[in-house]
Amino acid sequence: MHVMIRPVAMGRPSFLGVPRCTTLELLDADVAILGIPFTTPDDLGQSRSPSSDAPDAVRGQSERLAGFLTHYDFDLGGSLFDGRKVSMVDCGDVWGEPGKFDDNNRLATVTVQAIRETGALPIVLGGDQAALPPALRAYTGHPSLCVVHIGAGLRWCDEVGGVHEGPRTAMRRASELPWVTSMIQVGLRGDGQARQQDVDDAVAFGSVLVRAEEVHQHGVDAVLRRVPRAEAYCISLDADGLDPAIAPGVALPAFGGLSYYEASNLLKGVAASGPVVGLALLGIVPSHDVNNLTSLLGARLILNALGELARAGRFDARVSAQSTVANLVGI
Amino acid sequence: MHVMIRPVAMGRPSFLGVPRCTTLELLDADVAILGIPFTTPDDLGQSRSPSSDAPDAVRGQSERLAGFLTHYDFDLGGSLFDGRKVSMVDCGDVWGEPGKFDDNNRLATVTVQAIRETGALPIVLGGDQAALPPALRAYTGHPSLCVVHIGAGLRWCDEVGGVHEGPRTAMRRASELPWVTSMIQVGLRGDGQARQQDVDDAVAFGSVLVRAEEVHQHGVDAVLRRVPRAEAYCISLDADGLDPAIAPGVALPAFGGLSYYEASNLLKGVAASGPVVGLALLGIVPSHDVNNLTSLLGARLILNALGELARAGRFDARVSAQSTVANLVGI
Amino acid sequence: MHVMIRPVAMGRPSFLGVPRCTTLELLDADVAILGIPFTTPDDLGQSRSPSSDAPDAVRGQSERLAGFLTHYDFDLGGSLFDGRKVSMVDCGDVWGEPGKFDDNNRLATVTVQAIRETGALPIVLGGDQAALPPALRAYTGHPSLCVVHIGAGLRWCDEVGGVHEGPRTAMRRASELPWVTSMIQVGLRGDGQARQQDVDDAVAFGSVLVRAEEVHQHGVDAVLRRVPRAEAYCISLDADGLDPAIAPGVALPAFGGLSYYEASNLLKGVAASGPVVGLALLGIVPSHDVNNLTSLLGARLILNALGELARAGRFDARVSAQSTVANLVGI
Amino acid sequence: MHVMIRPVAMGRPSFLGVPRCTTLELLDADVAILGIPFTTPDDLGQSRSPSSDAPDAVRGQSERLAGFLTHYDFDLGGSLFDGRKVSMVDCGDVWGEPGKFDDNNRLATVTVQAIRETGALPIVLGGDQAALPPALRAYTGHPSLCVVHIGAGLRWCDEVGGVHEGPRTAMRRASELPWVTSMIQVGLRGDGQARQQDVDDAVAFGSVLVRAEEVHQHGVDAVLRRVPRAEAYCISLDADGLDPAIAPGVALPAFGGLSYYEASNLLKGVAASGPVVGLALLGIVPSHDVNNLTSLLGARLILNALGELARAGRFDARVSAQSTVANLVGI
Amino acid sequence: MHVMIRPVAMGRPSFLGVPRCTTLELLDADVAILGIPFTTPDDLGQSRSPSSDAPDAVRGQSERLAGFLTHYDFDLGGSLFDGRKVSMVDCGDVWGEPGKFDDNNRLATVTVQAIRETGALPIVLGGDQAALPPALRAYTGHPSLCVVHIGAGLRWCDEVGGVHEGPRTAMRRASELPWVTSMIQVGLRGDGQARQQDVDDAVAFGSVLVRAEEVHQHGVDAVLRRVPRAEAYCISLDADGLDPAIAPGVALPAFGGLSYYEASNLLKGVAASGPVVGLALLGIVPSHDVNNLTSLLGARLILNALGELARAGRFDARVSAQSTVANLVGI
Amino acid sequence: MHVMIRPVAMGRPSFLGVPRCTTLELLDADVAILGIPFTTPDDLGQSRSPSSDAPDAVRGQSERLAGFLTHYDFDLGGSLFDGRKVSMVDCGDVWGEPGKFDDNNRLATVTVQAIRETGALPIVLGGDQAALPPALRAYTGHPSLCVVHIGAGLRWCDEVGGVHEGPRTAMRRASELPWVTSMIQVGLRGDGQARQQDVDDAVAFGSVLVRAEEVHQHGVDAVLRRVPRAEAYCISLDADGLDPAIAPGVALPAFGGLSYYEASNLLKGVAASGPVVGLALLGIVPSHDVNNLTSLLGARLILNALGELARAGRFDARVSAQSTVANLVGI
């Protein structure tokens, strides 16, 4: 099946400046970046301050880090991929049409599926939190998946104003997928975007709920010990899980969020402890940002996760076809 | 039929601070403000810098003019309504739901119809230019209507990317309504958002095309002589018809636009020469604005038109029920 | 006695969107919001970057939290008032006239008194720190009051440029009230806005001085053990007590301030340990703010304090007349 | 009598970088700059977006023009003073104290008087329009003065909210001075800040009212022919007389204002036609400005007036003591 | 000779999205865009607010116009090239090294020469006004060239602080080239960046000096009649020639500048009356800009000139090799 | 030898408002502020977002702290200099000329030397990190110096694009000076601006490398124990060593940096433990700053260091000539 994508335009930066994939048939890489900018808003008001600009904003900020890939990185203790040959490609955005929310979601799922079938690790750039369920639906048939979500809100509403596929219902929708067998939610605080019943349902499902203050008090290692054992992990990094002092560009800043090292060590800890099969960066609202700090932080945290995955041998299995790719996808 | 509206929220200003109508069944006024914030975007990219915030932005800026209604106004040569008793009410926005563009358009039409049935003059606050056709459809059965459009673009595309009800197709859609019998478009310049065939079609229809430079060279009176005779007029004021020096808050600033006095005198001239049955302010993009100048200008030009309409006796026919209204719709 | 107030204008948001009180004679609520925007400036230069806009800025940001009142809140472990019926009303601002600083102060005192006489808990939105003494004077006759002040500066000057009622003299003025029997000042750092003699006087009075660094080193529980025992507490939250990373909107940012959890736990600890009879949020300077972060934080911390007060049974004694109020004060 | 002033601080720019006068006793110059930043606000709300920062903003922008004084200027047809030796000094601001509006006004009058007694031409930097009457009171005993006011508003209210010395009452207050024998007001448009009676009173006094549109239609020369003959002229340049496209930094932008050349030629025409004994630049609101454009324009127009005054021989009579001054007033 | 250029980076937009030339050996087009961002500053202070960002800013804004090339344009009366096949390529920027001002200038000259040798029309994007002389030196051997300069300043200084190749000396340096036989400077006003002697020298050379006010008074046609006859024309469009209301992004805004239609008609008039062999857009300072208005205007005016050149048959002579180029220079 | 400096202009603030030195021959003070704004950029792109504005930005923000010098400071436990008489003077900036990078560096060295010869402690305000080596070269002949560098990057490149004296090579250049015998680098994280070989070389030299995370984990006291013993210390405070939450104004924000108290206690610890002979504040990029927070923080940290140096008796040895200085250097 041919899956249509919207490649990164020539006049716009790709993530870290890596090659642009213009058609998924040619994709042959270890890591594939994919934007899912358009999802279903809870209501019209929400559609006014969108995360739709976030994929391009993150790509733009990633350029500032692009020169450093072969440098020594003090947070990783070496170069990004530690000398390994890892190929990365930017697949642009999921194709979308105005108002066709269900179609757009379906297309997001098949696009992630198409990427996974090539063996590449999908890195999703949202878009808001509603981008998570379509992405997770691409893992159908996977024996057992644990979703590690970093974010301020519970996002276990069943529906909001009649919308079942919006940002506040994302984690409940995830829990309904048969292959999502466990879940941990880290950084909870403030308005949980949930009612008591939603909290009870999350607990009943077995979602491990960790408040931000617990992270500050007991440390990241204590949190890592509470991550459920699973055959594979999907990491969902919601920007509102981070503290507004370093991540102001979100819909509603929640004070008391995770610091850089807490988030980074959490990502690294998960990457080191089991196979990570997907990673999503969600909920950045560029128009609320200050000096693009949040987009820069998002790009940086993706690097940290990738570096740790490389060190954990995540990319060693695949026979890299990097040199071939360069010819096919152009500059 | 009950027509649902979204009244102005208590914590938000109404236009000029006039009473808020909470249900159209109670509407009894000479002038009714109505926002149409959500229309069909040409494409997803366009939906990122929306005019959806414009109705509230214009309402907010109108507050700065609200104290002046009984003052002497030098542009009108007296107080706003020249001593007449004219009642004005803000009906809030058309009800809309995410992605249901056709439904939203239909609801816009029936809302304007419901307002017209009460005898009130509808003043539409867009939203982008795509708000014009739904509003004009509310005049079905009207014997003969001339649309006076002030704007930089022709907007006579037949479709853009499959969208027939978007901002660039607005004037062609208007021309297809049987009751729209003539049209004049003033302020054309730069990219006409049209191809040669579209220009030819507009001319064939009989649309009087006036470039902005012609206005500067020959004056507003010469333009007014070219306005087609008609039984009634609808005025469509697209903010991009004005010069970017005073109206920077538009999707794409087109240099060389109309000055304040040119636009004001054009509005006044039309108001003085025939019955005006509708007025729309379209295409303001608040996120592109500078110090809210464009929204303030839009609010000011609506005042000028209203003042001239009052002087032309437009509101004398209706038996004003102002005192009653005040009781019903509350502050 | 009739006490004139300036109600929240119709086109402006009230705190959390609660009902607006238009005349204190009708006030019947558990919690009453009151702005004191205008106080005595130290000098003319200072009057140029005022906190006078802060009450409206805080009200505006509180709207973003207003939808959450019945949600589960992770910082409180339940809904805001934990299922209790607590009525809250926004009384607008103290009436003030330009330059009549003494009159304005006196009116602030009688307004807080009028609120207290109805049994409501006054929540004061400053204005700068000079709003504190007029508010505290409303507690005349109270047997014994401890002022818990969170802020960077000592504010124990006797006079500044001849002004005795300005922001830098606030805590000394408070100490001179017979019913203020004790005091704790938390978050001191940087320029103390005091000379050595002022520090000595504060210590001689018995004010417990806690530097911000001590809070970071020893934790909030250690601070709470140093809070003097008293029959009742007034909490004064000066925005400059918080760290500039999350509260940049103050007159002079002082680095090293309290984190969100430190401030929140401090407020909660006091609320849990004794009767709180007043709360003031002071010193926000909106024109110095970044993305309204400081106003949002101020609104959020008021919620935390209110939630804890509800849990401590603070509002259980009063017979709520909420339903009646709704009729009287309108929407 | 010793008149206290507030000299320009060492770390702040003086107007055009000219010497700073630290005490009026030493003043010996042809032109004296004086700021009147603090006047009586109409109401407290108005005191929040003040013109108090305008004198320093204009001084700051004037620095960008300071290098050019000996250059060839195309608008003047030569160097600023056309080779003449003209000394200019910056006297800083009138001394003011918070809330003592009457005292501050009185001090403004005696300061301008003290400057006039030295023979220097006072150039007043407001502050808002309320700075005009105190400045004009310094001309007591002058046989006959015509005030040339450029501005959008009539400013002939008798009182606003009980305030008789505020910005909207300025021109009526001016008309009540026995030595103000005539008046012309140019640039009127939009809200006149007046009621019908105020317009009638202005006309009855003999104030020549010229709408902005008349200037555009008939040209500056036609306006100059309507300037009353008088023994001397005071020019009052209110920034809202200019178009918001080039002067956005005012309290309420009024569209359709004077262009640069219209204002400049008006100033030059008056300067050329009779003795000018005072000049005031009023109503700039820096916090509403865009890139300091309005302050730069204000500084530029003062230069144009000064250049024309020099060419008209205005400074030839006085024996310049420039070299002496330099020693006395420091750098 | 191989001439090194700095091609437009993949992640950055080219002008109008046209193909990027990566090596001049392959250049085969009708029009070639070339940035000259780095020139010699007058002094270190000036190097802080540079025009160095202007080429990329103009390229970025040109993207907003890129969709329109085949549309009907009301300012041109048809599509951009009126149906002709005209090939355009973006050659990126002249290669430069920090501090090597003379070398950079020499490289600018040889790069323009290399472009001219291929038969392409060079369109230079500055950089400040100092980019003009190096560009003009590439026309060595040309029999007779007239420079048409639109700008506020005379720029005829001989040296400024020892610098002979800076922005204020540009027109004098141009006059010293043997092949520059005549010159017209339009839009002069305010500080001429010149002394009397410089004005005299310009007049002595025969430079036709036209003040901005003259353009407003007598119209563009009168100016066009004063353009010297010559075998070929180079147009230099300095952004400060335009009015700050539409072009605020310049080093020092000079009020009273040219309007859009004045500038556009001037460009068109020259393009229509004789062979144009070069065009430069200079002096945009993006950090002073408002909403990128100046860069958008600059891009728009280049379009207008190109459209008129196409209509004048300027590109008909060259045998277009467009299809071949597309293969060579990639996307 | 006469060493030319560029004194602080009269219309610009000096650091803390201290006297301005206009010629080094007259310098007689304990502490001398010196700006080194212009250094060698790595490449032309980098020269576009310069630290050249930093000295003036820091001076401007220091004004907000200037009133406090005799106040009680809670971070110091008394007034700034603890009652001692310490004289401070601002020497303005090193003289520089465009593009003459080597000459400018040499002049920076001789200027610091000239200051040191008077016995004053030089406080250098950069400029970027490339200002460090020229400053350190002024200590030639010093028996043994330890450089304490706080910053995110290693800055041990040997050259970048052929530039040996740029910001990324600064610490290697420092290590090559014979009198620099030891080094500690605190706050390392993210991109080290170094390759593996550079890290190895730094370790081989004996530079003590401390990652930011180690500071957070083990505390400042543990870091202070690792500071090498030396006869004297130069402190280099690179703004990117601090966390972007409080210091966003740097070239590339690196998350996870030092907090205010960590940096302050580090500075104090070094000041208390040995003779400090120089201090540099580097790498602030004002155009990236938010509300000037970074410049304010930089000024504040200099105060903390100075206060601690005074307490350590650093200024007791020199016979203060403060009163004399006042006469010589003017106001």
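Letters A, B, C, D, E and F mark the chains in the order given here, with residues in each chain numbered from 1 onward.
We adopt the following convention: a contact is a pair of C-beta atoms (placed from the backbone, for glycine too) under 8 Å apart; a residue touches a chain by one contact, two chains touch by 3 or more.
As the structure is a prediction and not an experimental result, all values here were calculated from the model.
With contact taken as defined at the outset, chain A and chain D are each touched by B, C, E, F. Seen from the C-alpha centroid of chain E, the farthest chain centroid is that of C. Over half of the residue numbers found at the chain A and chain B interface occur in both copies, marking it as a same-residue contact. Separating the centre of chain A from that of chain F, both taken as means of CA atoms, is a distance of 40 Å. Each chain gets a centre from the mean of its Cα atoms; for chain C and chain D, those two points are 43 Å apart. Looking at chain B, one finds that residues 243, 245, 290 touch two or more other chains.
Annotation, chain-chain contacts: A-B, A-C, A-E, A-F, B-C, B-D, B-E, C-D, C-F, D-E, D-F, E-F (touch as defined at the top). Those residues of chain C that touch chain D in the complex are listed here as 37-38, 40-41, 43-44, 47-48, 50, 52-53, 96-101, 163, 287.
Interface residues of chain D, counted against chain F in their complex, comprise 10-14, 17, 63, 330-331. Contact residues of chain C toward chain A in the complex are 64-65, 68, 70-75, 78-79, 243, 245-246, 259-261, 264, 290-291, 293, 296-297, 300. Across the complex, chain E is touched by residues 154, 188-196, 198-199, 211, 213, 216, 243-245, 248, 252-253, 255-256, 288, 290 of chain B.
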